[in-house]
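Scrolling down, you'll hit the structures one after another.
Next come two complexes built around subunit A: one with subunit B, the other with subunit C.
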Partner chain A sequence: MNVQRIRLVVQFISFVVLIYGGLFAIDLGNRLPTFACSYVPDHGGGCFLVGFQHMLSRPLPEFLGEQGIRLLKALGIAALWAIVINKAWCGWICPIGLLQDLLTRLRTWLSIDMSRFSWVARKRYKSVKYILLALLVLIPLGIGNGLISRDWTAPYCQLCPARPLLPLFRGDTTQFAINFFSLPTMALTGGAIVLVGLMFTTSFVKRRFLCSYCPMLAFLSLFDKVGLFSLKKDGSKCTRCGNCYRACPMEIREIEEEKGLKNLVTQDCILCLRCVEACPENRALEAQFAGFSFLKADAEAFLARQEAATGGKAAATKRRKK
Partner chain B sequence: MMNEMPPEHMNPSGAEGGRKLSRQERLVNKVRLHLAMTVREIFEEVEKDELRPKAMAYFDDIFRKFMHNGEGVIKAAEDQKVIGTYCVFVPEEIVYAAGGYPVRLCAGAHDTSEIGEDFLPDVACPMVKSEMGFASMPILDFYQRCDMVALPASCHWKLKMGEMLEPFDDVHMLDVPRVKESEKARDYWLEEVKRFQKRVEKITGRKIRRKALRDAIRRIQRAQREVVRFQELRKHNPAPILGRDALEVLNAYFYDEVNDWTDALATLNDELEERIAQGIHVAPPRAARIMLTGSPMVFPNWKVPFVIEDLGGILVCDEFCTSQRYLSDMVSVDEGTMGDMLMAIAERYVLPCACPTFSNTIERRDRIARLVDEYQVEGVIYHVLKGCHPFDIELKIIEKLLQEKGVPMLKIETDYSPEDVEQLRTRIEAFQETLKGRN
Partner chain C sequence: MKRIFLTLAIALCAGVHPVLAVQETHGAGAMTGGRDIASRPMARPVRHKGPRRCRPVARDFYWLDFSRMGMGMQRTPGNDAHSTAGGQGARLVVNRRMRILRLRHDGFPPRNGGGCPTCGARSHKAMDKRAHPSLERRAMRRNRRQGKADALLGRAAIWLETPDNLIHRIDPKKPGIMRFNARMWGLHRIFAFLDSETGDGLRRRYFAFYDMFSHGDEVSKKDRPMIEGNGYWKGEPEFFLRRLYENDRARFSARTGETVRFRLTLRGKPVKGACLVMITQKDWRKTAVTDEKGEAAFFLIKESPTPSTWRGRRRAEKYLLIASHMEPPGKAHAENGTAVRYVATAMLRVRPSRREWESKSTAFILGSFTIVAAGAAIAIRRSRRRRKRTA
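Then we have the complex of A and B:
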């Protein structure tokens, strides 16, 4: 079984459902914790951040009444999604994730080597996504209470690379533009275009570059401990060969270092399960859903995948025929 | 068989063609003769075993050639460059990808270890002494055939051996980081591997392309897959193959062309599978299941496994860098780009390696614990070559681990000389008796 191929198929289906779903009367609601952009015409599901930012842009006393309940309801639905699917949103559903993965495939096809952040740099930038998450709450509150100009409305939608990019798949180019209305809108919408550019260029250098800074990843990581998907490691079976770390697009070193029994869905994990596939030791890594183990590291599966990776299957049978 | 007799010209005493032989030549002839005798004795002993798998003949042939100057042991073509390697850190994938032929030179002959004392102190481990002996004198032809010798700075003996080898070989030192976990150590080691790659490319005159490297990785992976199968079969109780034969099979990988070796091992595996199905086994089900760990054993230094199995024990597995550690961890190709494959190669040789020259012991502890469980090991024999400090240093740690697991351990300290065989026999016999008592 090739999990990465299955994942790619799921990503494609998710992409089609989220971008074109509306055409088939699919509506997954507007509370999804993933970059299913609401600016896409006839989208099949929408990102919860749009509504969330608008709901937060109110004077504080309003939150004591009906507005507070509406906010809690929106958050509750998003949290529920986050608990049930936790990080699989990033690895299996997110359209921006898919686009980055496709560009990575293009890069390897062109045989361009990847590079990684140094360990220090990675550690330093880890907090960026949490700062962005904090600002995601603070800026709308500031707007609602007259501290920040209205031009900053829904700042994360203005800055999000999904907004200019994803509507293009429906032929809508209107979002792919810089809004010259005021300085803040120019900066934010200009930033979004820059991020799109970065996504395309960095994908030829690094894997999933944008994800490391994604505030949605920060939001989802709040549910790592309670999420139904988990990743278990049995350190006694581990040889610390480093295969998992090398395979990890998010460059998570804990996966290789951890020696004890532990849940390894860490803050940056996107549940792509590449580590489980790269692990050559039986049951050293295990992916579970609600305690039910659905993918285990397996020596034989590892061997089969390596055979495919080195183009061995055809060569092996050819040899035997000789 | 006639052709197993040492050739006539190996007469140690005398003249050849009327010319008086120099002292050096006489010494060479003497060592060749002794080596040939040792090899013959081993195979005389081995042939007594009527239950031996037939597929072993292929591996025997390789070692029988040690009686004839080692001619034909390696299968390098006339114009193919031969890269000699030591220890378990030299990436053979790179050698194969560049069109070279790797041969591992770690040695186990007693007579050459005596020659090695000209270079090294008495207390040096017999393995480096033996290697120096082979390198400095024309005893086995493939030592002389090497166009370059890659020597990892693993233990202190190997570290200093580089300079000693220089008069005889084109030496390429590989600096293996001792504290291997850190980022800088990994980067540095990757650079070392790339430096090795450049050097090999220069010697063979062939630049390594992506496809060639991928093919080389696949060839070695295929060999390792067969090893996985072999080791699985060895787990069977009662044992389908003697441990000493298994050591021979894995030792033969040092010299043989990887594809040929893999095919031979596949044939052996098929035979072992058949044996298990037919209920043929080489040791009774109640034979004490022994594991060997510690300093490596290289042909013809097989006295310990012979003693263990003569006494009715069965050597089910080992943790030697000449077999298990050498062939168990695999290169894991991920993206398949050149950089990815080189990094995968570099990491495979160092990160999971349980060599005691690294600072931590966790890899080795975990591995031994796993082997003990997987192979239902009842007793461990910890083999220390005199002068092999890294394994001696780790002894207490492993002893404690085995105590916790309730597995008895016997430490034996020996060298390549056959003198202490009887003493070893007494100690190993007593150890195996205590194992029987436990059941």
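Then we have the complex of A and C:
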């Protein structure tokens, strides 16, 4: 079973559903914890951050009444989605993720070398997404209570690269523009365009560059422990070959280094399951849903894949090593 | 080659720089329509001097001013402040469909908004009145008129036409101030009527209209009662200045760069050759004369150049349309040898189009620049590394 091929198909299907779903009367609601941009005309589903930001930009006493219930309801739905599908939203559904993956494939096809952050840099940049998530809550609250100008309304939507990018797939160019209304709007919408440019360029150097700073990933990581998806590691079977680390698009080192860690769904994990596929040891890595194992590391499957990829050289080397 | 490059650069600059882009649209002249009247430069506001047959605005008119939408504020002593806008003793009304309109007689442009017509200052408080004697005179004239106007305001008949074509009578609690719930999805038309007989041999009938779209949740039933009565003639206002929409799904709000069309009817028949005057909040004026169908069109452009501070570009401005028609003695209401003067006003809220506050070309250039700059940075870094390794 080639999981990555299945993942690509699922990504394409979810892309079509989220971007063109409205044309087929599909409506998954506007509380999805993924970059299903609500600015896309006739979208099939919308990102929960849009409504969340607008709900938060209210005076604090209002949260004691109807507004508070609405906010809790919206958060509850998003949290439920986060628990059920967890980080698979990023790895299997996110349209921006698909675009980055496609650009990475293009990079591989063009034989351009990949770069990696150093371990120190990686640790430093890890906190950026949490800072963004905190700002996502604080700025709307500041607006609602008169501390921050209304020009900062929905700051994350204004800054999000999905807003100018995804409507283009529906032929709508209205969002690909800079808003000159005020300095904050200029900065935020300009920032979104810069992020689009960076996403395009960096995808030829790094895998899933934007995901490292995505506040949605930070939000989803809050539900890591209660999520139904989990990645189990059997430390006794791990030989620390480093295949999982090399395959991981998010460059998570813990998969390789931590032997005692049982659940490998860490902060940055996007549940792409490449590590499970890349593991050459039987049952060293295992992907589970609600306790039921659905994908295990398999030496034979690994060899078969390697053989298919390299034309039989890998299998011969392994046999020689044995 | 050099010439092509220069042409491209100029074209890009015009597209990129929003100020230039807006100036470009201004060059076409102010609002034109119907039988066009020559455009004038937009450097400073000048009073219109149209052809003789299109007489300038009726000086005396009533107009419907949109006061507030969304949540209504209700002052209830003893309640705590629940909103930053409300202040002490105010609370938010739960009904979000409430709309508040005001019937005004104090002239247009409105006093608190739009700024000074002479200097363009935002607030009248901010400017020195001695520097503007014209304003003082205007205020005095306005106050003089106010005396008879207030008495009339109390007698105004106000109707609300809902999307299902039902007509509801609104009884204002205060003279000229109406509150109503727009619960239905679609176009709501508010219509005020005043009838005055001053005793100077001229009877005046004032009509004021305001079209409003509401995102309500009730569905229309589409049945129309025939009403004949004060101000109405077979289900529609006697003197009707109606904005024409292309279709049911057309956008009801007006935007700059669009053409708005109006039809003027008197007792159901189109009024040919009537003068329609459009006044903007900064006192720009443009006139048009109605054709055989009673129709006239205005092309909307932004009334002032884009401010260099970028601010205020997305705000809606109020445009007032005034139509007047004189009926000689011996007709429907012109009994006892008195002539009747019909005056109709329609208020428009005009928003600047996206083009005025957004720039796609800037975005395109910024995006391209980012790609090139980031690509170059990565390439340079990699080549340095390679050199280090080889060394």
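Quick note on the criterion: the second predicted complex is superposed on the first by the 309 of 322 C-alpha atoms of A that agree within 3 Å, B and C clash if a C-alpha of one lies under 4 Å from a C-alpha of the other, contacts with A are read in each partner's own complex, and residues count from 1 in each chain.
By definition in this document, a contact is a pair of C-beta atoms (placed from the backbone, for glycine too) under 8 Å apart; a residue touches a chain by one contact, two chains touch by 3 or more.
None of the values given here were measured: they were computed from a predicted structure.
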{"item": "Superposition on subunit A - do subunit B and subunit C clash or fit", "value": "fit"}
{"item": "Contacts of A:Lys237 with subunit B and subunit C, given as first, second, both or neither", "value": "first"}
{"item": "Following superposition on chain A: angle at subunit A, subunit B versus subunit C, Cα, nearest 10°", "value": "160"}
{"item": "Touched partner set for A:Gly142, first subunit B, second subunit C, both or neither", "value": "neither"}
{"item": "Touched partner set for A:Glu307, first subunit B, second subunit C, both or neither", "value": "first"}
{"item": "Touching partner for A:Ala278 - first (subunit B), second (subunit C), both, neither", "value": "first"}
{"item": "Minimum Cα separation, subunit C to subunit B, after superposition on A (Å)", "value": "8"}
{"item": "On subunit A, the residue positions that both subunit B and subunit C contact, one per complex", "value": "113"}
{"item": "Complex contact set, residues of subunit C against subunit A", "value": "18, 80, 82-84, 92, 310-311, 313-314, 354, 357-360, 362-364, 366-371, 374-375, 378, 382"}
{"item": "Contacting residues of subunit B [partner subunit A, same complex]", "value": "183, 210, 214-215, 217-218, 221-222, 225, 228, 329-340, 343-344, 347-348, 351-352, 362-363, 366-367, 369-370"}
{"item": "Interface residues, subunit A side, partner subunit B - complex", "value": "108, 111-114, 118-119, 236-243, 246-247, 259, 274, 278, 280, 299, 302-303, 306-307, 309-312, 315-316"}
{"item": "Complex contacts: residues of subunit A adjacent to subunit C", "value": "59, 61-62, 113, 115, 145-146, 164, 173-174, 176-183, 186, 189-190, 193-194, 196-198, 200-202, 204-205"}
